[in-house]
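Can you read through this structure? Questions will come right after.
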Amino acid sequence: MLSFHESADAAVEGISDGATILIGGFGTAGQPIELIDALRRNGAKDLTIVNNNAGNGDTGLAALLGAGQVRKMICSFPRQSDSHVFDALYRAGKIELELVPQGNLAERIRAAGAGIGGFFTPTGYGTPLAEGKETREIDGRGYVFERPIHGDFALIKALKADRMGNLVYRKTARNFGPIMAAAAATSVVQVADVVPTGAIDPESVVTPGIFVNRVVAISPTSMLPGDGQ
Amino acid sequence: MDTSRKLTRDEMARLVAADIAPGSFVNLGIGQPTTVANYLPEGSGIVLHTENGMLGMGPEAHGDEVDPDLINAGKVPVTELPGASYFHHADSFGMMRGGHLDVCVLGAFQVSVDGDLANWHTGAPDAIPAVGGAMDLATGAKAVFVMMNLQDRAGNAKLVRSCTYPLTGVRCVSRVYTEYAVFSLAGGTVTVEQTFGMEVADLQDLLGFDLIDGTAHSSAVAASSV
Amino acid sequence: MLSFHESADAAVEGISDGATILIGGFGTAGQPIELIDALRRNGAKDLTIVNNNAGNGDTGLAALLGAGQVRKMICSFPRQSDSHVFDALYRAGKIELELVPQGNLAERIRAAGAGIGGFFTPTGYGTPLAEGKETREIDGRGYVFERPIHGDFALIKALKADRMGNLVYRKTARNFGPIMAAAAATSVVQVADVVPTGAIDPESVVTPGIFVNRVVAISPTSMLPGDGQ
Amino acid sequence: MDTSRKLTRDEMARLVAADIAPGSFVNLGIGQPTTVANYLPEGSGIVLHTENGMLGMGPEAHGDEVDPDLINAGKVPVTELPGASYFHHADSFGMMRGGHLDVCVLGAFQVSVDGDLANWHTGAPDAIPAVGGAMDLATGAKAVFVMMNLQDRAGNAKLVRSCTYPLTGVRCVSRVYTEYAVFSLAGGTVTVEQTFGMEVADLQDLLGFDLIDGTAHSSAVAASSV
């Protein structure tokens, strides 16, 4: 069921210890920072977080990591120039890392939403990231077997939602949003605007409302970078 | 609804419609299940999916509304409701197979007590087989409701211990709506929820396997939910 | 490379005997009838055709079947009230049929475009359509292994193309177009209009030009049903 | 280009750019490969892909153009060209893995004579591993070009018989651009296409394996293609 919420805190209610959370964004583009901050205030621990990266600077995902709420990161690119929070936790042995090639990460999330039990991908074949995994030669090419990544919750950011939960995104901030919304039991979306039903062209809907459970409008002025929440 | 006589097809459709929760995402199969749409309550927020790439499907199109680019899975021209969306076939079937549809309603040749569904092929050797999206719907929807007559034209029961026709899906059906009764299926047990023109004992004789009588309970639930 | 053609006949040049052709459309919605007619005139034989159906009436795909150019149909729903051309060929043993559940058909085509070597799907498990196929239990559920369906060519219909080959579709005529464009070595698209680059909103492009090889504009008046080509 | 001295980084980028056919779809890796964009000829119709969900990427954004929702794979603000399109991550990587990109240009720690690529992990035990989209690009693009210095800082050759660093992809690299030479790789054979400030014999001494001298042929081809 679809619901609209007054605050990010209300939108993330019910996330409990041990949950797997898919978090949208590639770097800060599409990062649902207010929802992540609300998850930090919510206090759920022992989380598994799926995100392309492992936090930038000291805000958003980095702050959630810093608060000690995350047991495990599943991501493709944890190490960045400003990923010092993750780096310190990792070196101290305080966080688990499952490193996944970015395309396999995306395809595994997509598989979860689409009901695929697993698939063979050429990405990673013959590399250390395929170690211990089932492999198969298909038509002369090597493939690795990969499994879907389901989320208990997804936290994503879109540009607009209508009252049916249909979403559109903005430029490269779209990234993981559509596939994460479909892969989570409960998807939570922060949008700049909620518009009336019918205000989004049916041909241009990117995420149909069927994949959306909770929506909260966060005014875009507070979504500018450097807002420091 | 009058339980002293068997249901008409429209009454069956009305019963199915009443069992679909507000706000559900629903796929109605080709044929009789399509008529369920006529009984979905106004303002229920129920959204219809058509597997050829649309959510928010409206009623059948007539006259000037007819648009060859806007059809349902039965290839009948339909209309678009506000808040609709279009998507390609892989996304549409991912939606089905990924468990995002709350309910699908299908016709059937046979349903077994375990919830196995046979609705795509009679097994006749000279038949040209055609499956369409039936297997995806049977496998993917959170709840699969079947609407069918209790017996075929030759008088054979269609709710059976084990399907003799080729299967569409395994252990997928949870409810069966017939002209004589509504059945719930769970874990190999068949419960009669409501009867129309037949007693539970008569149904049991006809079907030849044990039935749980849930009619008292169901009426109570129905009464309390009004 | 992308090219624009003056006629459907020019757009289908080079399709040779034995080719696998993905043909868009669900019933007549999205059926690229002028391209199919051109393929009939082209005369290539021994074709494998992938389409959801197996022709309606006596035009389009049905006419191609009637011309004896098709060795094999891969489809989900051949039998329709007006599929008499296919029916007669099938009963006479003159055409091969690979029957695929519609969702598996779509996912197999999508897999071809996305470089997936194969995948496990729950659809068809325990049914005659899984006979002889690899199966696997994953997390307590039965799955069937399915392989990608690649095309040598795809013939599809879209609403508009820009000069970069970006496509948008119309309503439920979208159906198989986007996944077939990606799954074929050469995709051929008939559109109602070719518009200048920049005339399609980048947020609303459905098929990016990277998946499009040949475009031909066919005036929409000739695309009305009953035109009898 | 002056072959009597080694190339600058910009000259390397120019060489790579010249080897990309008009109308190609191209992904330029983070770092040095990004500079290739500066040398793509006007009107070439080459379309840049960025794996975070865009085709038709324009140059780096400056000043008022900077938009936090429009970045490249290196998280640098970029611009949008006419005819651009946006798509989600699974579609973007399907595009890569499905073999739709004509060329990708990557940096490398090591490339082997078989075309194996190592560019994501030095294997140092205390390093935090990060792979990003490198493996998908290496596996998916029709042609993988590598831009790198011929030697690492310690003077070890980076074009090697067999990679000692963890692999990114197997038998995927077809061309290697260095400051001293351009190499073609095919079937375990390394051909020197052009040299800059070194003779083929010197390169062979440095690398320690057999090289085919293709420089005469390549110059002829280059001349005839002008």
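For clarity, chains are labelled A, B, C and D in written order, and residue numbers in each chain start from 1.
Everything below uses one rule, namely that a contact is a pair of C-beta atoms (placed from the backbone, for glycine too) under 8 Å apart; a residue touches a chain by one contact, two chains touch by 3 or more.
Keep in mind that this is a model prediction, so the values were computed, not measured.
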Task = Give me the chains shared as neighbours by chain C and chain D.
result = A
Request  = Tell me which chains count as touching both chain A and chain D.
outcome  = C
Note = In terms of mean CA position, the chain most removed from chain D is B
Query = Does B-C or A-B have the larger number of C-beta pairs in contact?
reply = B-C
Ask   = Taking each chain's centre as the mean position of its Cα atoms, how many Å separate chain B from chain D?
value = 56
Key: Centroid spacing, where centroids are CA-atom means, of chain B and chain C in whole angstrom   = 30
Task = Just give me the whole-number Å value for how far the CA centre of chain A lies from that of chain C.
result = 33
Task = Go ahead and note the Å separation of the Cα centroids belonging to chain A and chain B.
result = 35
Inquiry  = Can you list every residue of chain B that touches 2 or more other chains, as numbers and ranges?
reply    = 80, 86-87, 90, 93-94, 96-97, 139-140
Request  = Would you please write down the residue numbers of chain C that are in contact with two or more other chains?
outcome  = 107, 110, 114-116, 121-122, 169-171, 202-203, 206
Remark   = In contact, pair by pair, are chains A-B, A-C, A-D, B-C, C-D
Key: Of chain C, residues touching chain B in the complex   = 26-30, 52, 76-80, 86-87, 90-91, 97, 99-107, 109-110, 121-129, 142, 169-179, 206, 224-225
Message = Touching residues of chain B toward chain C in the complex: what are they?
response = 50-54, 67-72, 75, 80, 86-90, 92-94, 96-97, 116, 121, 126-136, 139-140, 166-170
Request  = Give every residue of chain A touching chain C within the complex, in rising order.
outcome  = 107, 111, 114-122, 136, 138-139, 141, 143, 147, 168-171, 201-204, 206
Note = In the complex, chain D touches chain C at residues 23, 25, 47, 49, 55-56, 80, 82-87, 90, 93-101, 139-140
Ask   = Which residues of chain A touch chain B in their complex?
value = 1-2, 110, 112-116, 162-164, 166, 182, 197-198, 202-203, 205, 208-211
